[in-house]
Structures are given as C-alpha cells and as structure tokens.
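Structure, as structure tokens:
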Amino acid sequence: MTITLEKTLFDELEQIVLIDPHTHINPHAAASTTLADIMGYHYYTELAHSAGLEKAKIEEERLDPKTKVGRLVEKLCDLDNTIQVNWLIEMCREFFGFTDDRITTDNWEALYDSASQKMSEENWSQQVLDKSKLEKVFLTNDFDDKLEGFDTNVYVPCLRTDDLVFHFLKKSVRNRLNAASGIDVGDATTFREAIGKLFAHFVGKGAKACAISIPPHFSPTKVDAGSAAAVIKRTVKGQRLTTVEQEMLSSFVFWTITEYCSEHSLPFDLMIGVNRRVYEGGVYQGQDLFDKRVSLIQYKQLLNAFPNVTFPISVLGSTSNQELVSYSWIFPNVVTNGHWWYSNIPTYIETDTRSRLEAVPRTKQIGYYSDMYKLEFALPKFRMYRRVLAKVLATDFVTGRNWTEEQALALGKQILRGNVETIFKVSSQ
Amino acid sequence: MTITLEKTLFDELEQIVLIDPHTHINPHAAASTTLADIMGYHYYTELAHSAGLEKAKIEEERLDPKTKVGRLVEKLCDLDNTIQVNWLIEMCREFFGFTDDRITTDNWEALYDSASQKMSEENWSQQVLDKSKLEKVFLTNDFDDKLEGFDTNVYVPCLRTDDLVFHFLKKSVRNRLNAASGIDVGDATTFREAIGKLFAHFVGKGAKACAISIPPHFSPTKVDAGSAAAVIKRTVKGQRLTTVEQEMLSSFVFWTITEYCSEHSLPFDLMIGVNRRVYEGGVYQGQDLFDKRVSLIQYKQLLNAFPNVTFPISVLGSTSNQELVSYSWIFPNVVTNGHWWYSNIPTYIETDTRSRLEAVPRTKQIGYYSDMYKLEFALPKFRMYRRVLAKVLATDFVTGRNWTEEQALALGKQILRGNVETIFKVSSQ
Amino acid sequence: MTITLEKTLFDELEQIVLIDPHTHINPHAAASTTLADIMGYHYYTELAHSAGLEKAKIEEERLDPKTKVGRLVEKLCDLDNTIQVNWLIEMCREFFGFTDDRITTDNWEALYDSASQKMSEENWSQQVLDKSKLEKVFLTNDFDDKLEGFDTNVYVPCLRTDDLVFHFLKKSVRNRLNAASGIDVGDATTFREAIGKLFAHFVGKGAKACAISIPPHFSPTKVDAGSAAAVIKRTVKGQRLTTVEQEMLSSFVFWTITEYCSEHSLPFDLMIGVNRRVYEGGVYQGQDLFDKRVSLIQYKQLLNAFPNVTFPISVLGSTSNQELVSYSWIFPNVVTNGHWWYSNIPTYIETDTRSRLEAVPRTKQIGYYSDMYKLEFALPKFRMYRRVLAKVLATDFVTGRNWTEEQALALGKQILRGNVETIFKVSSQ
C-alpha cells in the first residue's frame, strides 16, 4: 500500500511547475548543443577520471565533442551504479528518445547523433523548459555580469560574491570591481560605494538573491572600522597581507555585502563547507572536497547581527544537516536550502528530508535546487528529489501520522515550489 | 506482516508502566493549569518565533494565558509538519477530548476552555499520571532546593549541578551554596564540605541521580590540590580568573561532585554538547544550540578515574551517537541515555535506537526520558519513542533475526523500564 | 515482493567464493581449537566486561579454556541483543550443530564439548574454509615475520607497518628492524635500505598489500631530507624527541613506506581513526576508542603525492563515511574498504553501502573484510554483510531503478569479490 501511495504522490509532485532557485546556467547558452555539453558536466568527467580515465584524454586541447563523448562512454560501465549516470540515462530517454538502459560503446554514436539533431532545433531550450516544467531558473552571476541579452523574468539574476570575499587580494578582481562599479576603489569608503553600485545594478535587473560558497574554516566576524580601513588600503596598494589580515579582509567584504542584502531585502544563500583545489591533478571542477569539521556556530555572530536578512543555508556534508535543522528551528532568519553537491544523493537526501520535515517550520524549507550548468539536468535531478520526497511524505506523514494525501501533497508543493516564491519574493508568471 | 507486527509490539509497549528518568517537572505544580502552560513550552514558542512570531508578542509582560495561546495558534499552520506539534495534537486528543486533526483559529477557543475545565479538576495531575502510566518522575532540582512538600517516592529528586560547575564565579551562586550548606565556603576544604552537605541532604531525601548539561568544549580533568586551593581562594575573594583558571575551577568542582557520586553510589547523568545563549534574541529557553565538534574522548580521564560511578550519557548531536554506542560498548561505567533535545525526533531516534540495540549490552541502555516541564508531555513523547522502538524490534529482531515476539517485547520492556530500575536503583512501588 | 527479492539475491550472494582482504589470522593456527578461541575474541570479552564481568575473571593467569567460556556464558544473557552474539550463535549452529537460539548456563557445556570434538578433526581449518567458501585470506603480518611454514597462496601475506610508523622510538622495534633486514640502521640512508629489504622479502613471499591503523590526529607530510636525517639519527642514538620531532619521525617512516608501495605496486590499506588505550582498565584488545573529529583532508598531501599508489581506506567512525565516499569519487587512487570495527554493525553498514553504491565507481569499492582472528568468523560476518548488500541491491537497484536481478547480482559480485582481485592483483586459483 505504501508503494502505491508513494507512486501516487510522486506522480502528483511531478505535475508541479518549478522555480529552480540555484543553478549555474549561462542564459546565453542555457541548453546543450551536443552530448558533450551534458557528459562534460564535472560529475561525469571526474567520475570517469576517478575510475581511471586520464585527465589528458578528457581535457586535451581542441578535442572535438564527439571524440570526447566516445572516450567518456568507455568508462560508463564502471560508473553505471552511480546516481549521476542514472540522471544521464534519464535525460537521454526523456529528451533524445533513447530506449536502452545503458549507454555503451555499441549504441552511443546513434545516441550522440540523434541528440545533436534534437538539440539543434530552434526552440530547444524552450522545449527543455517546457518538458521539465521549469518556469524560472535562478542564475549565479559574476559580480561584473552586465545581465543583458536575456529574459530576467525566466533567468533570474543572482549575485555571486565568492570572488569579492575570497579573492579581493587579486588585482584582476579589484580591476573588475572598479570597471563594473565605475568607482576607483581606494579605501573602505569607496569600496563600500562600489559594492553599493553592484547591488543597485543587480537589484535593478531583478536579482532575487546573493550567493556564496564558503570554505569550512571561515567564520565571518564584524571588523571594526579602523582595521577595515587599514586592511583595504593595504590591499588596494597591492601590499602583502598576513593570514590574520586576509581573514579580516574577507570578513569585512562579507559583512559589507550582508549589509547591502539587508538594505535591499535580498536573501543571502550561504553554501558552507567546500575546500577548493584539494585534488590538484583533478579535472576541471573536479578538484574540490571538504573537511567535515565545520560548525554553524561559526556563524553565530552573523546570524545575530542580521535578523532582517534571510540566510538560505546549504551544507556540503551530511554530518552538518542536524545543525542546519536545529539552527533553522531556532533562528528566524535561517532557512534550509536543498541538498548540495556531495550530499545530493538519495541516501543523504532522504535522512535530511525526513529530519527537516520533522523539526523545521514548513515555511522555512527550500526543498531542492538543481545546481545545474545545462538545462537538461533539472528534470532528472528534481525527479530524484521528488522520489525521495514522495517516499517520506507517504511513510512518515500519510502512513505514520494519518495525514490525508491532500495534506501531504500540499506540504510537498510548499517545499518544492511555494517557499521559493515566498522566500525569494518571486511572483508566478 | 511487519506492519501488523509493529502494531502488536507497539500496543504491548504502551501497556508498560513507566519511570521517567529525567524531567524538569516542578513537583509543586506538576501538571498544567491552562493550555498556555503546554503551548508555552519552549518547543512551541521557539518554533512559532522561528516561523515569524515576534518575541515581544510571546513574552509581553502581563500577557494573559488565553491571549498568548491565541497568538501562538495563529502560527501553528506553519508548524503542523513538526513532530512537536504532533505531540500537541496528541495531548489535546488524549487529555481534552479534542477531535480535530489541527488546532486552528476556528477551533482553539473551545479547546482552550475545555482544557481549562479539565485541568481544574482537583486530582488533575494524578489523572495525567494514571492516563500516562507514569509511576515515578525524576526531577532536576537546584542544589539549594529544600525538597519538601511533595512525595519524593513519586517525584524523585535529582541534583542538578550546572550552577556549581559553570557559575561558581557568580556571587549569587556562592551565596546560595553557603546558605544551602550552612557552611561559609572560604577555601577548598570548606568547599568540599559544603558539597558534601548538599549530597547528604539530597540522598537523605531519596535522590537517585546527579545531573549536568555541559558545553561542547568542556573536558573535565583532575586538578591538583594546590591549584584547586588557589583558584577556589581567588574565586571566593571575588577576584578575576583567567580562562585557564575558570576551566580549572569548573574541573575541580566537577571532579569533587563526581567523588561524592562515587561515595554515595549515585549515577551522574552527563548531558553533553549544549552551547547556551547562541541566539540571544530568542525566546525563553529557545536560545541554545550546539557545535557538533565534540568528542567523548574529552571524558577519557574522567571515565577511567571513576570506574565505580555510572555515567548515563546523553548527546545533543546525532553525529555523537556512534561514539556513545562505542564508549558504552567498552566502558563498564558508561550507559546510553535517551534522545536529547535536538536529537529527540524520530529520524534520529530510529538510527540511534537501531545502533544501540545492535552493539550495547541490553542492560546498559536507558531507552527514553521525556525531559518535560509539565506532566502532560510524557504521554506523546514516550509514545513517539515507543513507535520507533516497536518498529526497530519488529524489523531488526523479529523479522531480521527470528526472535519471538515475547523475546522482542522483553527487550523493549528492559530498555523502557527495567534498566531505569536497575541503573538508578529505584524499586517498584 | 521486495522481501522475496532480497532473499533471492541473498541466496545468490551466499554462493560467491570469497577472498577475504583483511584479517588477523595466524596461518599457523588459523582455526579455533576450543570455544574459548572463539569467545576469547575481544568482541565477547569486552562486551562481557562492559556488562559487568571483572577483567580479572577473564584474564586470570592459567585460566583453563572451559572455565573461561563458562564465565563468559553467564554474561551472554545481557548481550544477546548484540549483533556480535548473533555471529556467535550462527557459528555454533553452522559449525557445531548447535540447535538452540541462545547459549545459556544450561546448554553451554554440551556445546563446548561438541565444538571441541569437531575442532579436533584433522582437517578442521580446511573444513571451515570450505564451508565458508573462503578461497584466500589476507593476513596482517608483523614486519619481521619470516612468512614461512604456510601456503602463501591461501594465506596471503600483508605487511603491517604500525610498529615502524608509530613505535620506531622503541629500542625493541629498532632491534627487530635490524634483525629482520640484516642492516644496522644508523641514519636515514640505512633506514631506507632496511625498509627496502622488508619490502623485497614480503613481495618475494607474495604479499599483496601494506596496511596500517592510524590515530585520528595523524596527518602524514613529506619531511625534507635534512630534517629526516637529523631525526633518524637522534632516534637511533636513543635520544628524546619533542612531540614535533616524533610527528616528523612518523611522517618520514610513513612516507618512506609509501614510496616502496609505489615502487612495488602494492596497495596501502589505511585504517583511519583509532585511539589506542583509551580505557586502560579494559580487557586485552578492548581498550581502543576514537575521536570522530578527524578528516580525510589530513591526507591531502599524501593522496596528491602518490597518484600511483592505491589507498584502500577504512574509517572507524560512521560520520567519516561521506568523506570517504567523496574522496573515492574524486581521487583515482582512493578506494572504499569495508566496514571497520565500531562501524561494522548493520545500521552503519547499510547507510555506508547505500551511499557508496550511489556515488563511487563500482570498480573502486571493496565491499567487506572480516578482520577476523580465527577462521570461523568469516562466515557470520560476511553473511551479515551479504544480508545488508542484498537489501540495498533489492531496494535501491532492482525496485528503485529497474535493474534486472542479474545486473544487481553482477554488481554485488564485483563488490564482494571481483574488486578484491583487481585491486590487490590476486588471481583466482
């Protein structure tokens, strides 16, 4: 009975039209043009490399897309157990008429060609949006993105702030800030003005959130004005900073950005826990890992200082989920946000989903985002999430607590879609 | 079949008469008098606040109980997914004849009134004890509690030592110790005598345990006599202590208390992992959170030094459960104790229960305590636990290992009740 | 249906002939001779001690085996819930014709005698191998083991390096190295030569892996030649080392060993996370515990420095499993290895297995090893694992992803057996 119920709920959840609140979509090339765009996603290149495919074979210069796909396909037999390859099969079946259950050295070429043909249709990205029931897709824009040439009502801008917070020591980043803001940053005051310009630009273009990914050791603190002024001055002069000064610089930039989030009522997505370049010999975007020794207590000062800023928080490690549940349960300004990266597999999604639904107000949970680079990924990723959500609603709510199917479904809808609207203040089309 | 089996085992577990080994009941006002006593429990106020209800609306001075409940009810629709609101509905149905499945702005007033009427019956607290099948309830008494005016055979005293260990620097605490012990504490010797007086008083009144909640960073160590003497002297003189000296003071007080536990054969409940006042703007009792970066290795010296003291240990974070399982499996004096606070939701209870039943001697597990402030909470909280326990016994033992229902039930009874008797040496009435 | 499917898959998995890739078998006395060999396994002595049996009763000098078993049996009633006692019952039923479901003070003597009789049969160890479907068993040999007098094709040597890495300060260890290598170690050069001799000896005898268990705080780093030379000199002269120098010594030894692993293409089993002698009053081998505050980020430098060395990694704490999954997913030279010690119970095995099958290439997972001291343990331990594996394959793959039973079974076979062959380069007989 529970199985039938799960199926019913899943089918209903599949009907919901989505707003995807976090992606890395390039709005000028939102959908894929060849299978290499899909299989070039770091999940596949890094898994193939992990299973033994040399990096040089994947990242060879001037490698044509078809050859690349051919090489990756040879490794798929070692990866077919992974949920990521499951997404791949599901995409091929849904979008390209693929009917087999494995992609092999025998059948890939036909698939490659039929996919290319399909993707070359004029309205391909719209087809993908329609088939995936995607209404809007949040972007993650560089701070100096002009945000022009696309429909910001569908591709919703979001200000990514990693470079500003963690790489402001780099001259290239400072130059980009000067250029984007039209302000020659020379001290803390002009720095603040420049950041203000970015916010004005983004908000003017309909941005609905700020976002940042953060290493495990970081703990933002308020830096006093004098120290901030000194450290900004030294930075713009190109002087070396001590480790303590670098932390101070990051904290000051972070704090300033949060102040503007407050001023503009923008939620600030915190994606906590990633160490960059841990595996230096890894493929593009396949080098980052984590240190689970991180705690949300590191954000105590921040969460107390900005009661008006909503922080949708993602954690990289499953061991951080209970802290996230507890902090969301206590802090009005903390919201649970999806299932990020290494936690984005059904085993962890299930435990995380169950615990959040048991202890966090239903208005404060953003169920899922795809984190995708190409539009085709939303369908299988959200479907994976919907399967888990249907299971939890069936087992814990309908069977376990005697909720009606309608009540369970209403909860599911709110988690999947409703809260995205209310938390990010996006209105339905 | 498993579902039927679960139900059968649950029904049997529901028949067991309980001793609740850890609560915050005030024996002079054990049961509630209005629904505000129940809905004023921090679980509801903090969740309502987290969902957007202003603290000022909840903690307004001279707020009458009915208005307070009315305000909280308006937020319940945002919280109805939580297991805590599930307890609330279950209490209202079991105790107050409530028949709906949600408390809403439409039906709450009638409920409030019928509840008030019910609670005003003369023998209300006895009715609650009877209906909840509660035989005894452990208290958590301040060290200067006179322990008079109530039946200590039903309301079992337990010495809470947080103030002594972590707040002895406060003059008010030192004054309370002087008053309670009748000793003017001026040095380590008189300090030890004073603590001895407290133990004599508590044990004389039938106390069955000592208890303390501990922040994540604390690691008790034995302080040498000279340092202890010096730091106590400085403390009673009101002098400032360095951080190191404060740790030393806490360790010395903690160690002294443990020595008296040994002398009086009292188990010492350690509740490990809470950081106080993390969210300073939170409602009463809704400000504490945790840092999961804590390990039981911090208790290595203590556990080795006191082989005769039983330590029932509770951990705040689910990520600490495996350490608790392993330490209980190895150390004869470590006992697993319930599912505390942020871990007290079915998702975590289930994993914790399964792992404990698989690897810790059955004599060394205290299944559950309610941690309640008002008697009405024992029923839904223990019921939640019994549901999980029944599921684990059915799945892992009867189905998984071919145990008979009788064998599984005997294990359940021991975990729920038998071990409380043997570990705390309480005899049945 | 899932239950039937699970059973079918389990029955098929039971047919697979195994290579056990990590044990502590003594090849000169591989099987047990009395029930005391089995019940003297630390799992039973430590659990009995934890449940209240005095260490002196277990480790009394000149205690005859039957009396020892009799004493342990008296505690079994307190431990019958544990999975470890489940193994015991399963061994007695499978190997000794035991037909009851509990070992009690009433039936143990007959069991003891029938077991002794059975074990005295001439080909007992071969009987156990056959019945357990064990083809090969990896050993864990001391570095000065002569590796003579047994069939290294069945009992595969493996070089254990704990003593060298963590106890080289002890004169006894240095003397053993000198004796085993025939080299008088006096400096870094002769040290390196001596280690080289060990490797040549082990590889010559068919060793297939190097192994080490590591405390949580350890983080191996490359030590520059000058510092290494200095610290080795001071060590062989018997001079005291500072903590920093000791870490350097351990790192240098560790690094040197890894270099030889690279040279000889030997996988290096890292078993990460054990603190030795935490409970000093514990029984033999029942004193070790852990500190979950450990991260694989501590191995960043190592994993990058030796791309050619395969590191099958075991973690002691379940909270480390997601890091292991993620590091195996990214690093080509990291492989998941079994379910170690305190994580070797179904609750944790299940979550670990699910997550690994969802995110790690199928070629990079060693499903299980027994870690046994006596041959009889492989059967119940592997059976426990097979039960969990069958459940995960049935639920997640056949039911959840529409795999055929054959596909699921092929995955199971690879995890259980195939990867042991490919990763350790052992060929089937």
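A few points about this structure:
Just so it is clear, A, B and C label the chains in written order, and each chain counts residues from 1 on its own.
Here is the rule we go by: contacts are C-beta pairs under 8 Å (C-beta built on N, C-alpha and C of every residue); 3 or more make two chains touch, one makes a residue touch a chain.
Since we're looking at a predicted model, the values are computed, not measured.
Rotation angle, chain A onto chain C, C-alpha superposition: 120 degrees, expressed as a multiple of 5.
Residue numbering at the chain B/chain C interface overlaps only partly, since under half of the positions present are found in both copies.
Taking the mean of the C-alpha atoms as each chain's centre, chain B and chain C sit 39 Å apart. Multi-chain contact residues, meaning those touching two or more other chains, occur in chain A at positions 293, 319. Against chain B, in their complex, chain C makes its touches with residues 46-47, 49-52, 78-84, 86, 101, 275, 278-282, 286-293, 317-319, 342-343, 345-348, 387.
Those residues of chain A lying in contact with chain B across their complex are 293, 295-297, 300, 303-304, 307, 319-320, 322-323, 325-332, 351, 354-355, 357-364, 396-397, 400-402, 411.
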